[in-house]
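Below is one structure, written out as structure tokens; comments come after it.
We call the chains A, B, C and D, going by the order they appear; numbering starts again at 1 in every chain.
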């Protein structure tokens, strides 16, 4: 069933040195237009506004996840429960797990209420090149791959290798995002962690001797979230992006006469988006529209697009929405007065992360990390590690209020001082 | 004249760790829309088809050149000939030296016969934000910056810091391109080289004790050219890109009824491109058109755009054009016969590099690297270094013939075998 | 007072790239025989038995501490409270803070009840080359340097730069030991931490924006302690080393006729060690004796020396001394019975670390890390950081019982099985 | 025959990340006292006087050579000519190739006219633990291993993997010495080179596609020789070391009454050194004697030992011995006059390296690097690479005259000025 390439193909990779492809199936998947499209979707969306180095694509990351999975499987290859189809299933799922990501996923999904995981399923199961390649294994193979990515597969072992608290996806993105941003936080000893991982029944467990390496990985994740992923400058650019998409939607509904009509968005406005439509919406296309819309008559759309393309971002203050409700409402009034629609120019944004959590009945399932003790017992990580225990289950939330400080600075002093005085007290 | 920022600004950079901005002038230049546009132009064009890590932008590189210049100036700051305006001039020129680069410069300039250096001059001197910021120093400052970049400035010392065989531009791109591709070839000891550089009259010279560090830099440059910059897979994608642009131009001239007309290209077709038009042509816009043109009726345009977006590149054989003229002509005949227009599907491409050269009267001026000997004499690098001498002035050229192996494989055997037999003998 | 070198001297350093020496004072201190002796004392004692890469000396580390101090001072140089003598004081103390370390300090001090800090004071204040060089600044300068290292100086700011929870010493050894061992745990962003440190009255505080970088440093420290510094294999070799020294002392007291008498140790046996005697006792000399003593008649000394030189270490089991008192006593009996003196062949060893602690009245003073908030207030780190709070003040202790598994394996089965059965239950 | 360990053992290594040991044979060899002794012999002798980071041992390097060999063999493992005994032979030879190195080999061998390669043979074939372990494979196995290291083995393929112009030994030491010194010169892409190496008959050849990676390796070697291995400060310390050994030999012959007699050297003075004697002479022992001899009455021995331990090295001038014969003779006269015996205080030292050479009949055999072209032909590297051709067969020699500038500075002006005036003209 599995056809080996006559000669192994390699990709030079700055994170894993080389990425090795040995199966025709994987090589063909990489060559599909749906996978190549990931070159035009950035891994970290607007993060490069904050960390200019982070311009890498989801294509780049997807190859990395595949490579970590390949190494993990190589370590497991002498385990009896493992067969060649499991191997192909794990590798394909690793490579394709992000195939449904659209442009600037976070903002896009929020505004249009779509879900990249649903698109992943549709692309794998639909009339696509990816589906065609996967069917060469056998007719049900696409379904099996989709089930692994969706976490509904009966093969819980493979599922946990790609979606758990210590999976190929997370391990690659921490290392890769740290490499491209240039921060040191995301570093951990991948090789050591791969060496201490063991398949055991339905899950991958970690030998207790590797506990400190796993602690280090959990701390890397914690640091990357607060230092990189939730950086307020990045969030500011996402606020603007969301506002652009929202404005376009509103204008479209109102029958606004666009100079450059949002052709690529029409099917999503009417809830009739096909796979083909979706696949065409990459970040280049979005940038094209933003550039054109800088010349629209609508001052809000024009201003927001100008801000996004030229990095004229919103400023922010820390502020808890519940405690500051009166102030926020006062600001909204003042914004209206000053001619700035607060629906577009004043935004409360909250980020929160749960760096590590143990499964609790009734909650969304998160597979906890199990340590394999010398005596053969399993113990959940946070019960053994003080450091992990200290952050386990603690949801940290960070609230910020975003506003256009540059525009406010140009307002008439009467109103400007009122606005600034409220902001300063926050 | 020079206004210091109240607090130094820093950018986290994976190559230089941090980039430090201390002057309001430089901070304002970075914020201009013309400089921010460089985020949408990749440093290495289509190289990421070969090295997937190389997705970094010219914005990224330009900050790096600025930072190297800043460090070099800090080392020179105790030298008497140096004043604060020289400093701002050097920093501005370093930051802006690539401001005129368009999308996929190499192919774009070849097809449309434009020159990014000319555009750099126009952007700095024209009605732009960059010009406006520079004029705050004084009215002639934009001209002085342009003159440094154009190498016509009377300030030969600053000019040589940005355009010589060992300048801030080259040192940054070697290190940066090596970092993002993941190859080891571009490494050299930047800190050591900066330590041994000395301003001396009109030029920067290198203390003889640093000769081996400079040798290492020259060899890095040589290796990067052949391993990365001239990689045949990258060249193949550039061939396709050029053919797309050529085809669009031809179709436009022929009055072809585009579904998506090439609006952004019209002024360049009529030789009437303004600065504003030029600045809008970034790589996102190009990708937008390529995607739309995948659905054009014209089979050549549609096929080439499909190839580019989905990385269905041309194959190649090494072949010297003069020695193989008969074969190439025979192939052209067969291509016509097979319905493949050889103007678009058969391309001879040659790359050549002169890794290091000494100035020779009458030739284009290249400032050679001068070593400052212990006795105060200057000696030209290649006269002291065997290794540099071995590659000095030797233009190495590499010729390859590109063709669509995938399409040929689907042709009728009669003609396919003829084509393949000629290609195999090459 | 401070004489600059006519040309800056540099040392190539793998951790800090270059170490820069600009003052004649520092250059002369590096050249003293007492400082050069540190080349023959390893930074991590017997750790290279576990991590073969960790063969670096205290000379190596001392230069690194100096360099971090130099960079920190450069950042502070525009601060008004700072003068040139403070600078020299800080640099000298940084360079010399480990000058009193003897060979394999940990074991040596335990057996001979000496203290490297006391030796540091004696070397700086006594009739030494170091003292002579320091007196060139002024007659009291040696005392001032010693006071900084002893933490009795009135200059609390300089003291805290070299001895606090985030000082030049710790920052260098974490980075350096991580580099030489090859583990990734010790990494943190030194440049960022140096940027956010601010002198403030008697101490150095950290800007709140740098809190996560400091968290990362604290976690590095925590990981290095458990992964590297307290590694049980290293501790096993230290157990053997201590036993050798103990045995020599006992034999000497008993008037044992050594083939190679312990000349270099005689003054310490009689509590009459001079500075000169102490300085001669480096790790080379210790190795010389160990090698000679492999041929002594005394079977214990001979065996222990053989074990140390050839890395025939003791095995270990985890075991809490209080809970296992009966077992340990039973083992002691059995060891005597088997002809293995338990004073030399059975050792309970405990390691513990307090990764971060806040000052509490009455306890040994540890300067806590203060964060400088935006509003100018100071807040103690663990009150702001969950992660640091989780490990703050928690003393973790790890107990292990060491024994010669290889010798036991050769014993008569009757007694061997008894011993092994007790060990297995632990 | 080959016994696998029940669980793979790993060593953390900063250069190769991990070193993997899978065979009991190799594990046992590492545990022998002869191999453990290599911990007390530095890889780069006195180089740490110049590059303080370079304190790593031959133990460290030997593990690295073994690991490169292991990876190379893994790549070759599907090749038909390869069997398990070949594998053990290659791994054992890689691990043991430096087992015969004594302390400060270069100087030691010059003064005592011994040869570490001869000692390697004796240790492998003699009554040693290494021999004992090797004989477990079969009685002739020690001889086979020795033959591979001596290049007299019939198994030319394995021989070339450890001794050729691109072998496991050289690849490890370049990378490792670069890592520990902190210089960037020794970097090259090991993984790529291992991928393009192919066993072919009696030798290992390199696929032509890897030519540039091999060029880069050759250039690294060239740079490391001149930047690190032949650094004049290192050579100065070797000069002093040789003079110490020479002085001891002379004093011993003259019946000088040593306070600390050179016991460990006596058998070598009388040409009666046994393997056991040789193995005891490690660098710790040498340091012990040097320290004791600082207190001898003989002023030359005392001074030289003091110089070595405290890094009071000789200064140098570049000078060609043949061109400067008269000056050197004049200096010798003046040195006598000043009471400095020129046999110990004036030394002409020449270093030369042949960075790459093609085999020429009649000369010492150096296996050149063969490129495997696409058409199956072999071509010698320098015939294809300009860069390698430029340094091929070119022996570069560097002559320096060493002298005690510090002592000269204290001489009576009459003679001092004469000496200095000659030195200045050189």
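By our rule, contacts are C-beta pairs under 8 Å (C-beta built on N, C-alpha and C of every residue); 3 or more make two chains touch, one makes a residue touch a chain.
Chain by chain, the UniProt names read as follows: A, B, C, D = Metal-dependent hydrolase.
Here the structure is a predicted model, which is why all the values come from computation and not from measurement.
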{"item": "Which of A-B and A-C has more C-beta contact pairs", "value": "A-B"}
{"item": "Centroid comparison with chain D (C-alpha atoms), farthest chain", "value": "A"}
{"item": "Distance between the centres, which are taken as Cα means, of chain B and chain A, whole angstrom", "value": "32"}
{"item": "Computed distance of Cα centres, chain C from chain A, in Å", "value": "44"}
{"item": "Interface hub residues of chain D, defined as touching at least two other chains", "value": "17, 183"}
{"item": "Parts of chain A lying in touch with chain B, wherever the complex brings them together", "value": "11-15, 17, 31, 33, 36-37, 39-40, 48, 51-53, 55-57, 59-60, 63, 179-183, 280, 282-288, 291, 309-311"}
{"item": "Chain A-facing residues of chain D, complex", "value": "10, 17-18, 191, 195"}
{"item": "Chain C-touching residues of chain A, taken from the complex the two chains share", "value": "183-185, 187-189, 212, 215-216, 219, 222-223, 226-227, 386-387, 389-391, 394, 396"}
